[in-house]
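A single structure is presented below for examination.
Per-chain numbering from 1; labels A, B, C, D and E assigned in written order.
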Amino acid sequence: MQVITREQLIEKAVSLLAANTVSCVLGWSRGEFDYDVSPAVFRSEEEVRRNFVWNDFCGANMSKYLISKASGVDGKILVFLKPCDTYSFNQLLTEHKFDREKVYVVAVPCDGMADFRLIKKVCGEGIISIDSEDAILKVKTLYSDSPISVPLTDVLAERCKNCKSKKHVAYDELLGEDGNVLESGRFDEVKKLEAMTAEERFEFWQNELSRCIRCNACRDVCPACTCEKCVFNNPSSGVENKAAANSFEEKLFHIIRAFHVAGRCTDCGECSRVCPQNIPLHLLNRKFIKDINEFYGEYQAGEEIGLRAPLTDYTTEDIEPCEIFHRRDTDA
Amino acid sequence: MQRIGVFVCWCGSNIAGTVDVKAVAEALKNEPGVVFSTNYQYMCSQAGQDMIKAAIAGHKLGGIVVCSCSPRMHEATFRKTASQAGINPYMVEIANIREQCSWVHKDMATGTEKAIILGKAAVAKVNLNTPLTPGESPVTKRALVIGGGIAGIQTALDIADAGFPVDIVETKPTIGGKMAQLDKTFPTLDCAACILTPKMVEVAQHENIRIFSYSEVSEIKGFVGNFDVTIKRKARYVKEDICTGCGACVEKCPMKKIPNEFNLGMDNRSAVYIPFAQAVPKVATIDPNACNMLKNGRCGICAKVCTAGAIDYTQKDEYIEEKYGAIVAATGFNPISMDKFDEFAYSQSKDVITSLEFERLTNAAGPTAGKLLRPSDGKHPHTIVFVQCVGSRCSACTEKGKEYCSKICCMYTAKHAMLTRDKYPDTEVYVFYIDVRTPGKNFDEFYRRAVEEYGVNYIKGMVGKVTPEGSKLKVQASDLIANKQLHIDADLVVLAAAIEPDKSARPLATMLTASMDTNDFFTEAHPKLRPVESPTAGVFLSGTCQGPKDIPETVSQAGAAASKVIGLLAKDKLTGNPCIAKSDEWMCNGCSSCGKVCAYGAITYEEKEFRLPDRTTKIRRVASVNPAVCQGCGACTVTCPSGAMDLNGFTTTQIMAEVDAICK
Amino acid sequence: MQMKEHKPLIVAFCCNWCSYAGADLAGNNRLNYPAEVKVIRVPCSCRVNPMFVLRAFQRGADGVIICGCHPGDCHYVSGNYYTRRRMAMLFSMLDYLGIEKERTRIEWVSAAEGAKFAATMNDFVETVAKLGENKRLEDLRCK
Amino acid sequence: MKVSYFPGCTLKNKAKVLDLYARKSAEVLGVTLEEIDNWQCCGGVFTTARDEVATKLSSVRALMAARDSGQPLVTVCSACHNVIKQTNNAMISDAEFADKANRYLSCDSPYAGDAKVYHYLEMLRDLVGFDALKEKVVNPLNGKKIAAYYGCLLLRPGSVMKMDDPENPTIMEDMLRALGGDAVICGKRNECCGGYIAMESPTLAKKSSNSVVENAIAAGAEMIITACPLCRYNLIKNGSPIPVVYFTEILAEALGIKEDIHE
Amino acid sequence: MNNKNLREEVLRISGVNPKKCMRCGKCSATCPAYDEMEYHPHQFVYMVESGDISSLLDSESLYRCLSCFACIDRCPRNVEPAKLVEAIRLSKIRKQGANHMTANDVPALLDEDMPQQAIVSAFRKYSK
């Protein structure tokens, strides 16, 4: 259950449309089921009232959609952004991906989003509806007579359990109250992996990445993946490969993808959310973020517009690549 | 697929001793694209080259691989050969089978095996080579020198003497810079004005030099050979072409209490002023912050007394645009502020002065007409303490001063001490030093003379505290050799303040996309081999804007910078290196990461309209590389996630083909 | 049973201005190092794309070393500083994925350091040889 | 406005009246000095050794008390101020020391340097404001020539105390001007008076103190004010021919409340 | 404790790196207790660097430092000589029976006006 209600967001959208402040609205739209939410552009009050949703399943980060949606509209487009989405928003502006003037941002506080896969684990298959009240989800399934109660905290998405910030770093208007940057345990998993032996790590990733089916969902949803044409789709790049051929192809793809977004990834966690194979892709990105923080000083992509990403910067005193292992070995 | 010829060189026994060259030629015959393969004793000889030419013609080769010594030796030779035979010189690849094969491996089998692999890699690469043509750009034959001190003056004169027009932009009303403020110069003790002012006059009279004094550079666009510069000429409220510099206005101006910058505030000037007698241009300037007429419309005396009618209260700032082929930064230095070093009581006593102020105090044209008198009471000082290294050689963690040695202080302090003892033998002079640094022609001799002939007391140690008390300055210092703390009652304390780059250097560097170090000195393209060039093509460095230096060094660097400029302007066209970055506009998404890593500012971004296959158009931001500026390092190519940025001659597919060939 | 000695394949990316010249100098001075080392010339170490490193491993290299000018001496002012950051990140990531960290290395070799080039290559080949064949990264298709 | 107050040993014993001047003056200026419960002596000097923990705990306790009250911590004696501010800085900058100190004190919420420490003079400047002070003056000093003597501990080390320019301070002079005095600047104002060495080597203290006083007199001072009770002691003890007054006393006098205060 | 270990200990507890010293002597130039000291601030730095700590341990100079921090503030290289003096003084008085002064010595040195802070400071400096 979110602090701000769906009705509040609808009224906000409707009034901004009516005042001609914006000409359309980018938000979450209802699907077949309550938990089946997808991004959509709403062009009228009627559309908003009918299809706009705001519930515990609005994990989708709207920022990336602005690249395609903000340029086409007459006037401004309204977008609702959760705290983590605003970091992507700033990062995209840093990279000149759309015109800030074309966007009207309403910041929405977020109490964390549910991970449907976790609900399924608790409640089993055949979920037909989920209501939420006071941070308790009431899950109705085909196979049980009464709704099953599940506390939201039990089924929070991993990225929300380890939420890095409740603070919006960009908006035109804020609904409710803004939060703070949080101390999170988001690097705990990375540390756990680092503490393993190389063999164990290899096994771990072999197991995870070999499941990749190269559906490219991670890439397509990623707000940092904004290339006109991905190198992996480009026949003249020399590394084009669109299908899973063997285990290493997948590693190459994921390492390079993580490297391409290193220093630009805001850790929004969309890659892992959309992965149909449940691969913890965010652990690759977080490794880079953790390394950047440790080697080059704390850096949060998207914290401000115009920040120079760590990999496009340097100091003459930077750590030598051979020292990183030495430092880690002596720390341990 | 190319038609490729392979030429394996024996290099006498240098290669053939460890590599079976025939086997190599034979093995490479079967590589994709290879239509001809041979070996010869000395491929670089005339006969060898003729053989290559004949093969190119006879086999209609499109590309060649030479398996020979290092490309650092003969790549240029074989490119020329190819070009003479009518194919593009960049269709040549070298497999280094001498330095990196035959010379480092011992047995024939190993050497041969490796040579074949290296040859295969070269063949794989040349298969992907494309003909490259160096870009050409015209050169505007005019240079801009920013800063009119001795560095700028010398650079401008040298360029102008070579026959190229030069413009000097100087922010002050006159050129001359710091040297004009000096009294004598070390180690020869000739008077600064005597050697500088003739040069200033020469500048003024030179047909190839224009001086924009009281002016600033406000915008720089373009690149090497083709800079577009906007110069702001600040309103001086005096028509420069009419003013004769007679000084009548200066004399009659009623506002006489304006601190005189030229004498570092130690005396006053009027609101309309000429900085000093030998100023160039010798025209008056009205200080708008001091002039009553400009502030509130009351006065107008200067206009009345000016018989030439040069005064113009309505003058406005003027902007002029000019094109240049080369730009020289000569923005100079300033002594640092003494604010953070008040243990020396600079703010508490007028008799604690900086060395530059001391120069004015001893200068015949200075506030005391050259008599060494204390600023506080005009009395002759009998005990003078000089303190070296004030703000130089400070650890960065103290957050005071500068980490570097300011280089000139040891020598000018020796000069000051010597001159004082020479003119006023009754004066006790103490110099507190940490080290005396005198590396220069006749420098150490000069310092020794100060000690031995003039009796200056050099004490190894530092002053810890200066306390004004009554008319005295109580100096507490250490004498490290005697292991004593000294207490000296001084009349005058002179601080050798560290020097720092002029504040205008930082914004100028930004306009030029020239790099700077942490101290705001301009960075040179190579610290040893290209000391007067900035990494940004077409931008050159003259004088202390690059680092602390004395006059002889400044003048030599100024001349060196001029010769580099002359070399550039002498060309009608600039031919670039064709192995430079190129951006594929269809793939570029305008993220602007590449521009951030470019050390040369070669990448710019523009909004471009694209026609899409569905006949609609889309405006996108895309990167473009200026071929005249790009040096071809490839930093941008790796930063670009989409691979839109590639490097001619070392394309991603070429390098990957080499990797594949080696790992096969 | 006697195992056939495994000869590791090493790809060395060398910058044109310092390290490639250093390698040439090693040759001029006839300083031996194993023939398993194959040098690819790049204008600057900053031209080395992580993709090249992975590609080499994928195609069967057992070790990849990148050599560039010493920090502060880059012919292109700052290229090797970017290399240093990129490769620190890449090597750390490869280690994180369980790839033996000894298979990757970066070394600053100047044009005067022929001896260092040879010594580095000897040491690197020896280190990589101890690890045996590169199995974790190889693309089996290409065998 | 309420602030936490650390009076220190000297002002609680041999110089009680100086403490009263400080409190009453603050009250006139609308500030209540709330003495910390059960404060312990700061120890007089800050031990720079990084492994000295026990000697700094009394300061950490005082800082914790201020933090818990949510008020800034005001000290009036230079020595206390120096010790407490340096300890606070160590709690922020030296993680090892902070960890040890927190473990010694085994408090529920570890102290991380969050309290703000003010010297009484800083309080006047930053919390009250010298303009506001000026308005409350009833007995202006009428242009009396007074030298402000800072001593060493008030300003140094500059990077930690961050109170004023350690070589060219203005805070005491600004206070004097606000009180209507003519601030005379003397170069020795930030040199040491001899401090605690007075006990073991009175000659050194005498030499140092005399040079300060002579310097002030040469600058034309008719009176010296100090911010440290020990400076005051040393200057008086070694025979200053002009009055040496603690700054709270002159403050109380200018505010017109001195006469009402008795020990 | 041998000299090398002693040196390490002094460096560790003081946090000072004497190698940063460029031998300008400004610490000694600014020291108000200079004339009372057998070894002066710059010598402390040099002697610690060269390992000659035993001479310093036995010197009265340890108790002459006023902790006025002038040498710390004015050092152009951020060496902080006073921290070395403090560290060596502690190394000395932390040893059993090595106090420079005890409570019994104090009354004779006092006069009635002497502020408490002088007494507590002296105790802190002189004894453990």
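FYI, a residue touches a chain if its C-beta (ideal position, glycine included) is under 8 Å from a C-beta of that chain, and two chains touch if they have at least 3 such contacts.
Keep in mind it's a predicted model, so treat the numbers as computed, not measured.
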Any chain that touches chain E and chain C: B
Contact-connected components, chain B excluded, all else fixed in place: A, C | D, E
Pair sharing more residue contacts (C-beta pairs) when D-E is set against B-D: D-E
Most central chain, Cα average position: B
Intercentroid distance (Cα basis), chain C paired with chain A, Å: 36
Distance from chain D to chain C - Cα centre to Cα centre, in angstrom: 63
Distance from the mean Cα position of chain E to that of chain A, given in whole angstrom: 58
Chain D, residues touching no fewer than two other chains: 159, 167, 191
Residues of chain E touching at least two other chains: 35, 70
Contacts with 2+ other chains: residues of chain A: 231, 239, 311-313
Every chain pair meeting the contact rule: A-B, A-C, B-C, B-D, B-E, D-E
Of chain B, residues touching chain A in the complex: 586-593, 596-597, 605, 618, 620-621, 639, 641-644, 652-653, 656-657
Residue ranges of chain B touching chain C (in the complex, touch as defined): 70-72, 96, 98-101, 103-106, 110-111, 113-114, 117-118, 121, 515, 523, 525-526, 535, 579, 597, 599-600, 631-635, 637-639, 647, 649-650, 652, 655-656, 658-660, 662-664
Chain C residues touching chain A - in the complex, by the definition given at the top: 50-51, 54-55, 58, 71-72, 78, 81-82, 84-101, 104-106, 136-141
Footprint of chain C on chain A - complex, ascending: 190, 193-194, 198-206, 231, 239, 245-246, 248-249, 251-252, 255-256, 258-259, 262, 284, 287-288, 291-292, 295-296, 310-316, 318-322, 324-325
Sites on chain D touched by chain E in the complex: 8-10, 13-15, 41, 43-52, 55, 77, 79-80, 152-153, 156-159, 166-167, 191-192, 194-201, 204, 207-208, 229-230, 233, 236-237
